[in-house]
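In the two complexes that follow, chain A is the common piece, with chain B as its partner first and chain C second.
And now, the complex of A and B:
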């Protein structure tokens, strides 16, 4: 099963994906997480370090693809999860989309996409171009990580649009649903899910532990093992993992137009200064 | 890589769409539709102008700005292909995409599948981007796209298993033990060489006792050979790395790493290695090789002791230089765009044993300095550089000719060696007539 995770920049995709990956490993699955971001920081909490990116490794071999073995690109991490970072050009230069698109093709050519029970693509931000949308050509399911605010949902809507577009082009990817992250409430998420027909897979509350885990370089599961009181959070991830492992059919979402998005959420979201009820 | 220097220079070579020139003649009833910019079209128009073909079976779908923002390519591509079908009536269409399509991430895969379904013949997508390939590698891309047409199961085997299935239902008492036909390995030669060259090589192998020799690609998609885990693959060209890697990975076939059948020495080693694998007596080969070298003697006299330099552009440099070393030539430099260390292992070992300096991705400015230092008797390079080098007083041979001439096997060795001696003879003749 191949799952592609998208979401507005900074909303918590990598944190969410890493914890989902470990949750699935805990449920006995062989998992591969592929970070698709030139920042190459997706798999930090699983590997415990910034692993060499595919681009860096190719460069070392002078782009001699025949010298590359899959073992050169894939690294083992916590809980037996394997990780890959595609990498990309330096900030402000080149074309990240091109690198991501080509790297995904390379991983497929090396037969890496066949050896695992679950493969996660953790893809940066919005689906701004064909290159970053490349994982959707291989995925069975797409998940969108979003917080409970308008801007994150606006980005989520664009991603739903891409899923629709891929289906029109003949690809099979379906939207598994939304995952709420850093959410004290979920009212806006629920409105969006009702309007688009997307399931709401789970909601992870705003928790300092989660934020800290990311910076310290541990997933919640590793923190739990170290004795931190994060059972409620890991339980949510296990629940979401089980949902995904149950082969949900997924949907082709109803796309909301741009103007419609503003109209639906006008008056609902009054900014970040809101008190949690 | 041991023994190979790397200069990371700019490659002076064409892009893979140029491979259309020989592929469209090899694949019967085919049409090559290249999707690219008007510059790509102009390149092919100009470059292939030197060959005048009536009604050439290739053309262009030129990208327009509206294509960049279109939600789906199928409509536009379909209407272009309808025009192609109306005029050429092909049985297979190769849609070759170029750098522009790759960089813009225009996705034609699903469009090709849909059009294929509509027209009821294969419309195959191949990427011929010049960003990461040179012109001979266009053949590699096309062959990879044709691999799915190679069945994994013999027709006979399929029939046998059908027979066995039906017998099962009608037998009452004893179950007849099905006669197991011994699983034979088939040999498949891989490379889009001319039909004539393929037949010559098949003939050589037949004389040695190997009857079941197939060639991939066949000109007809319906006649592609079986490739499975029992198959032995012998590559004919050095630039088919992706196809070979895919065959290894997806079919589990054995790919022989040996010298390419270019030149009598290469052909002999190629045949001997095949014989060894199939446990056949190869003593006839040595006789053929000796005979061929004798026939080449007049040309060899011209070549012995000469200094030849390859600037590098078509990926044939390694086997060609290796052949020349067997002719007694001193290769002062073997420049080549790219060395695939695994597939070229046998050639590399032979060349490095003779201490031939191999430079991957040579820097032309440095090569110019080296030309002036080595003063080679012959420089093998592309058309763009041949004339200026001739004006500087050097003899050159056009590298592009090696992709069109028939250079494989014992029979063609004489044509191959003449491609090196002709420029030398020409220069000699000019000298004799007082042209300095």
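And now, the complex of A and C:
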């Protein structure tokens, strides 16, 4: 099963993906997490370090694709989860979308996508160009990570649009649903899910432990092992992992028009709206 | 100011490879999805190939609007228009470097458009940015065959498919005629040639043949592998270049077809045959035997020509190919056939290597022809990259027995033959008078310069007497004598070359 995780920048995609990956490994699955972001920090919490990226490894091999074996690109991490980072050009130069798109195709050519029960793509931000849409061409399911606010949901809506577009072009990817992250409340998320027909897979509350774990380079499951009181959080990830492993059919979402988005959420977003009263 | 060619490729792009396949086939229309400049392939066809109709290409241009708003709408419009106006069987939507950089999803476009076109839409599974010409041909040919091939009952008589001949290939259309003639003489039917002249209908019938024959090693084998795996078709992948390889080629076909080919081989190699007469003549013995050659080209031609040269008694100092992906099999294949076997795709290094080796004759691509001209060595072009002179009007195959006679003619027309060597020795220098005067002037000028900036250059001075003697030496060995004398003088620490130094150097090298 291939799952592509998208969401607005800074919403906690990498943290969510890593915890889901470990949760699935705990449930006995062979899991690969592929970080598709030029920043290449997606798998930090699993590997406990910044691993060499595909771009760096290609560079070492002088871009002789034929001399690269799948094992050269994959690194083992916490709980037996394997990780890959696509990498990309330095900030402010080159084309991140090109590198991510090409690398995903290279991994497919190397037959790397065949040897796992579950593969996660953790993709940079929004589907901004053809390159960042490439994981959708291989994925069975797409998940959108979102917080309970307008900006994150606005991005989520655009991602829904990409899923619809891919289905029109003959790809099989379906939207598994939304994963709420950093949510004290979930009212806006629920409104969005009702409108689009997307399931709400789970909701992770705003918690200092989650933020800390990310910076320290641990998943919540490792923190739990170290004696931190995070059972509630890991339980939520295990619940979501089981849901996804149950092979949910997913949906082709009803995309909300841009203008409609503003109308629906006008004044509802108490965190940001001017007319919140 | 001197312009230096910093980067140049022996192999073409993936787009060239795809276009060679589509351009060679019938009722296939190629839509190139890229910016204006990416339609250069049409120009290559119109400049080099000798047919009445240019293969149909249409550019779906990526311009400023497409960069800003996405290029899908333009591509859709182009494909629909081509389908309606040209009515091809297949429209091949080719990726280009630009569409790859933009990460355009052409498969998605083809998928959604297929319901609206009569033509079958195909997007080559090739990376336009990363793959090269021959790899792209190999992949795309396989894709085309896999798309259309159907299970068919075998033809009544033993028949074969010829895989390889295509437009813009090196003498490939001539090779095809030679192979056709050979098979006809042996009584073997040809079911289909791929890609040259093949239509979709013909591809459906590809499985009627009993055997696939892949003529070139750079591409075509994947097609054979596919047909073997999917339809159980037997295949043979030998390039019949040279005496031994042609014999092996014929014997294997004979074995598969249950035909005795030995009479045919004997007829072509008998003491009375053209090949034997050429190779065994007194002139050939004195002019070819023991001559030192170097060979460079694509895989098939570098390997085949090396075999052939050995067969006619020419010594191969080194053999190289630019097909980097085939390095290990190249080295294995030619082990022991040449003193050095290597893979390299830097034309400057090859040029320098030729100069260092000082061969009697060079066999190479058009680039080696340029390099040889610069260093004043005779050169026979035996491989792509090619030029208009490699698309001759008269029959000129490289493969088969006619190919051997043609290459022999070519060698005789290029290398200094025995008697000619003596004649030029006796009378040769006059025709080069002007050249020598220029050389003298150049030496004089550089001497003056040196006096102005003493010790700046490492060039060695020739006294007027010494220069005059150098001028007496026949032109085709003059360069060599000059270089040897200068090397000798440097080694011995002479500041200038006098008559004495020349004679000492002569004595030294004659030892």
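Here is the rule we go by: the second predicted complex is superposed on the first by the 271 of 277 C-alpha atoms of A that agree within 3 Å, B and C clash if a C-alpha of one lies under 4 Å from a C-alpha of the other, contacts with A are read in each partner's own complex, and residues count from 1 in each chain.
As a convention for this text, contacts are C-beta pairs under 8 Å (C-beta built on N, C-alpha and C of every residue); 3 or more make two chains touch, one makes a residue touch a chain.
Here the structure is a predicted model, which means the values were calculated and not measured.
Applying the stated clash criterion after superposition on chain A shows that chain B and chain C collide.
Of the two partner chains placed around the shared chain by superposition, chain B is the only one that A:67 touches, whereas chain C remains out of contact. When the two complexes are overlaid on their common chain A, residue A:111 makes contact with chain B while staying clear of chain C. When the two structures are aligned on the shared chain, A:130 is found in touch with chain B and with chain C. Contacts of A:98 after superposition on the shared chain: both chain B and chain C are touched.
In the superposition on chain A, A:168 contacts both chain B and chain C. Contacts of A:243 after superposition on the shared chain: neither chain B nor chain C is touched. Overlap of the chain B and chain C interfaces on chain A: residues 66, 95, 97-98, 101, 129-131, 133-134, 137, 168-171. Listing the residues of chain B that touch chain A in their complex gives 6, 8, 71-72, 102-107, 109-110, 113-114, 132, 241, 245-246, 249, 338, 340-343. By the touch criterion stated above, chain C contacts chain A in their complex at residues 100-105, 107-109, 111-112, 127, 129-130, 325.
Chain A makes touch with chain C in their complex at residues 65-66, 95, 97-98, 101-102, 105, 129-131, 133-134, 137, 166, 168-171. For chain A in complex with chain B, the residues that touch the partner chain are 62-64, 66-67, 95, 97-98, 101, 109, 111, 129-131, 133-134, 137, 165, 168-171.
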